[in-house]
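Take a look at this one; I'll ask things after.
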Amino acid sequence: MKAFSKTLGEIAQFIGGKIEGEAQAQVKGVANLESADQTQLSYFASPRYKKALLSTRALAVLARENAPPIEGMNWIRVANPTLAFAQVAHWFNPRPQWPPGIDASARVHPEAQIHPSACLMANVFVDKGAVVGARCVLFPGVFIGEGAKLGEECWLYPHVVLREGVLLADRVTLHAGAIIGADGFGYVFDVEQKKHTKIPQLGIVRIEDDVEIGAGSCIDRATHGETLIGRGTKIDNLVQIGHNVRIGPLGLICGQVGIAGSVTIGEGVVLAGQVGIADHLSIGNRVIASAQSGIARNVEDGALVSGFNAFRHADWLKFMLSAHKLPELLKEVNRLKRRLEELEKKELP
Amino acid sequence: MKAFSKTLGEIAQFIGGKIEGEAQAQVKGVANLESADQTQLSYFASPRYKKALLSTRALAVLARENAPPIEGMNWIRVANPTLAFAQVAHWFNPRPQWPPGIDASARVHPEAQIHPSACLMANVFVDKGAVVGARCVLFPGVFIGEGAKLGEECWLYPHVVLREGVLLADRVTLHAGAIIGADGFGYVFDVEQKKHTKIPQLGIVRIEDDVEIGAGSCIDRATHGETLIGRGTKIDNLVQIGHNVRIGPLGLICGQVGIAGSVTIGEGVVLAGQVGIADHLSIGNRVIASAQSGIARNVEDGALVSGFNAFRHADWLKFMLSAHKLPELLKEVNRLKRRLEELEKKELP
Amino acid sequence: MKAFSKTLGEIAQFIGGKIEGEAQAQVKGVANLESADQTQLSYFASPRYKKALLSTRALAVLARENAPPIEGMNWIRVANPTLAFAQVAHWFNPRPQWPPGIDASARVHPEAQIHPSACLMANVFVDKGAVVGARCVLFPGVFIGEGAKLGEECWLYPHVVLREGVLLADRVTLHAGAIIGADGFGYVFDVEQKKHTKIPQLGIVRIEDDVEIGAGSCIDRATHGETLIGRGTKIDNLVQIGHNVRIGPLGLICGQVGIAGSVTIGEGVVLAGQVGIADHLSIGNRVIASAQSGIARNVEDGALVSGFNAFRHADWLKFMLSAHKLPELLKEVNRLKRRLEELEKKELP
């Protein structure tokens, strides 16, 4: 592999930053403050990392104007160091290029359409009527069901499963073991036959541009119509999304979140780890739910919710403080009661 | 594909309903109220969907006698519209037929028995002594361990893993990525060697008739004996069931539920999403646990439990109402205390 | 299969126990008290199983000196019956031997190194520069990414995915569907482009000796540097471990636990089922967290924590007791308030 290297000046130009230091210095890679060596660019985005900044060996650091001064450091001043770092990191570490073509062990139905620039690795299975767009990369063991359609530049890591009819737009990334379009969980009890009768799950899943879905996550197909993951939404590992859920664009759904059937979620929502949302609820735009929140009612735009039954966050913090005092409060009330009784006795006559 | 079409009269006869409208009208498919077109049958099962009913374009609707009247609508009156709809939906949308046979890339041990009507797709692996019954469908990448046995009409979606010795009865459906029979989580600490020593997991998993298990769910093998999933129980995605758990028939276990080792669960139990049950507990028949409940003690037949440490549901609702008032209560008690002190001072002489 | 059988005397010698009974009796297997037959060895480790002990048909029982007496029973007295049983159970039930060699359907890159004693089954995929050590067993469908390295005697069950660069030491066991080294969940919002920009995940995962990881669990690669699972730590099914987490040796992480990015965990920690830990926290040595705990602050060595926001366990128990009394407390305080008002009125003049 040929070494990739850029001058600080080239990097500053690439990200629109301002150099303080040697514009000609050669940068050979990127790393965080702790692990960077004397050839690497790093970044400082939060006071949390001040100690690491003061001891870093990095050649140069991306930072805002107000970063602590360091003698002899090369800086590139930017408005958002994390964003600038991400952009440079992609430049230095592009996704590997996979050669176009279909591995001999892949099983592609004669009525499937595979773009010639796509890469299908070993043991990929593509069923009838499926479409795989330009520059898609399908790792070993990927399963594409009948009539599923992938836009351009979708990456499906090993063992991803797209059941029949699932639609991916462009630049969708599905991590290993993600399962898209399994049957929704819908049954009706048959009193006469004494059994749960399955409600056929006849809909699909549609995933818009630039969505990324984590390892082992499951997005169920709709009972009718579609389950929808909106443009640019990012979903972490082991997340469960039920049938007919609709998630707006630009959401962040963290690990092990569970969203029950027919929930509608607005734009730019953040659900922290292990949050649960009960079925048929409506969650507004820009809602933030703290980790492990249990949401059992609708949530309006912009709300910050926390805890079981999803209090407003401020109320939850108050409750949490109070909760620690509850056992003592019980005792205090009993003491007050006794004192009151004493007074009342005296009043009697 | 030849269009499948039935008259309303034929459908009414099939499900035992009563027609109000044109018995000769041709139905070409089924859909929910919102998405149905003028050739499709829909259903109305809950007041929640009254608005959708009033604006539906459906040709006919399955409903109880007391549904809101709609001019010109064709009805089929039934006692349970959801059940009737499910039955008609299956009639119109049967599971696809997969041709019997073993794909050339499948790896079947010479001492395994595969029924000639079974379908084994690409890269299926079947180990020594395994048995695959009539009309089973094994999707690409399914793994069947040594001595595992499948009854008739089992469907195993892509990448399902059955470890050695697992037993499936008839009509068991396992969704993509489900893992049945991985080792239970059992260790004993060896103080001298300072390490966790694995307790060998020597038992199996047995799954009875008509069980369905969701994508990515894991059912661990027993330490000794068997982990059991009872007849007709339905399990959603990403559920974890520990070693030696015994679940009775006709349960509904929702997404991301976790059941620790050696729990015994009765008949017809409903566990909502993200419920956790601690090890060795006994959960009675027809118990219902609300989403995210943490169950840490035995639960008697018919109980409805909720919340952390699984309160009775009614107590939990009361607690939740009170919890919101707790911070104010703390202040109120302090105010009362001060007023009481004032009174007590006056009493002093 | 030739029957494996040992005398009680041989077993006592193997585990360093003391016989009470017939040293020459032949043991043909091991089982728990309930399922053991007259040729099998069992164990008694907890009063919980006293009833099973009194009715067991086992030929002999491993037990401490103080086990309840049973007429005619053969005993082997040991300090830790569970440990002794585990050792004998392994002796009687060794892991199956898989023949060395690479299945014809496996896809091994010419620049990968596979030890001749390793077993690579059907459809295993090993990318460039990967190393598979002596006596490793890779079940069907295992994926080994570029440059990943496995030490000796690693067992990877079906469909395990090791992304590029992941390092396993010796005797690591990964259960079916475990995914090691998927991208960490890291994005930065680009206000101008109005989108989440991915932060490249450039680090690896390193797993030390004797680690075991459950089915479907996901361990994300580091953003920079490494995510680390320490020596001898055991992880259950469907666990999510974020980027840059560091877990010390000898931990026990139960099913469905979620650990957010950059958490550091000490030695010998026990996290019960469904525990969640927020990002960047530090959890001390020998911490124990009860099931479903939500940990949102650092935890010192040796602490026992429980419940939402992870109370100290003793405080949580007190809170739980109080919580049940909260609705009544609210009423009581109102009653007190009214009585106080009565008194105050009388005081007025």
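Letters are used for the chains, namely A, B and C, taken in the order the chains are written, and counting of residues starts over at 1 for each.
Here is the rule we use: contacts are C-beta pairs under 8 Å (C-beta built on N, C-alpha and C of every residue); 3 or more make two chains touch, one makes a residue touch a chain.
What you see is a predicted model; the values in this text were computed from it and never measured.
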#### Entry: Self-contact between copies subunit B and subunit C, residue sets same or different by half
different
### Angle of the C-alpha superposing rotation, subunit A to subunit C, to the nearest 5 degrees
120
### Inter-centroid spacing, subunit C versus subunit B (mean Cα positions, whole Å)
25
#### Entry: Residues of subunit C engaged with two or more neighbouring chains
105, 123, 141, 159, 177, 216, 238, 256, 274, 308, 323, 326, 329, 333, 336, 340, 343
### Task
Mind listing the subunit B positions that touch subunit A in their complex?
30-32, 34-35, 48, 80, 82-83, 85-87, 89-90, 93, 96, 103, 105, 121-123, 139-141, 157-159, 175-177, 210, 212, 214-216, 232, 234, 236-238, 250, 252, 254-256, 272-274, 291-292, 307-308, 320, 323-324, 326-327, 329-330, 333, 336-337, 340, 343-344, 347
### Of subunit B, residues touching subunit C in the complex
105, 107, 123, 125, 141, 143, 146, 159, 161, 163, 177, 179, 182-183, 185, 187-191, 194-200, 202, 216, 218, 220, 223-225, 238, 240, 242, 256, 258, 260, 274, 276, 278, 280, 294, 296, 308-309, 311, 315, 318-319, 321-323, 325-326, 329, 332-333, 336, 339-340, 343, 346
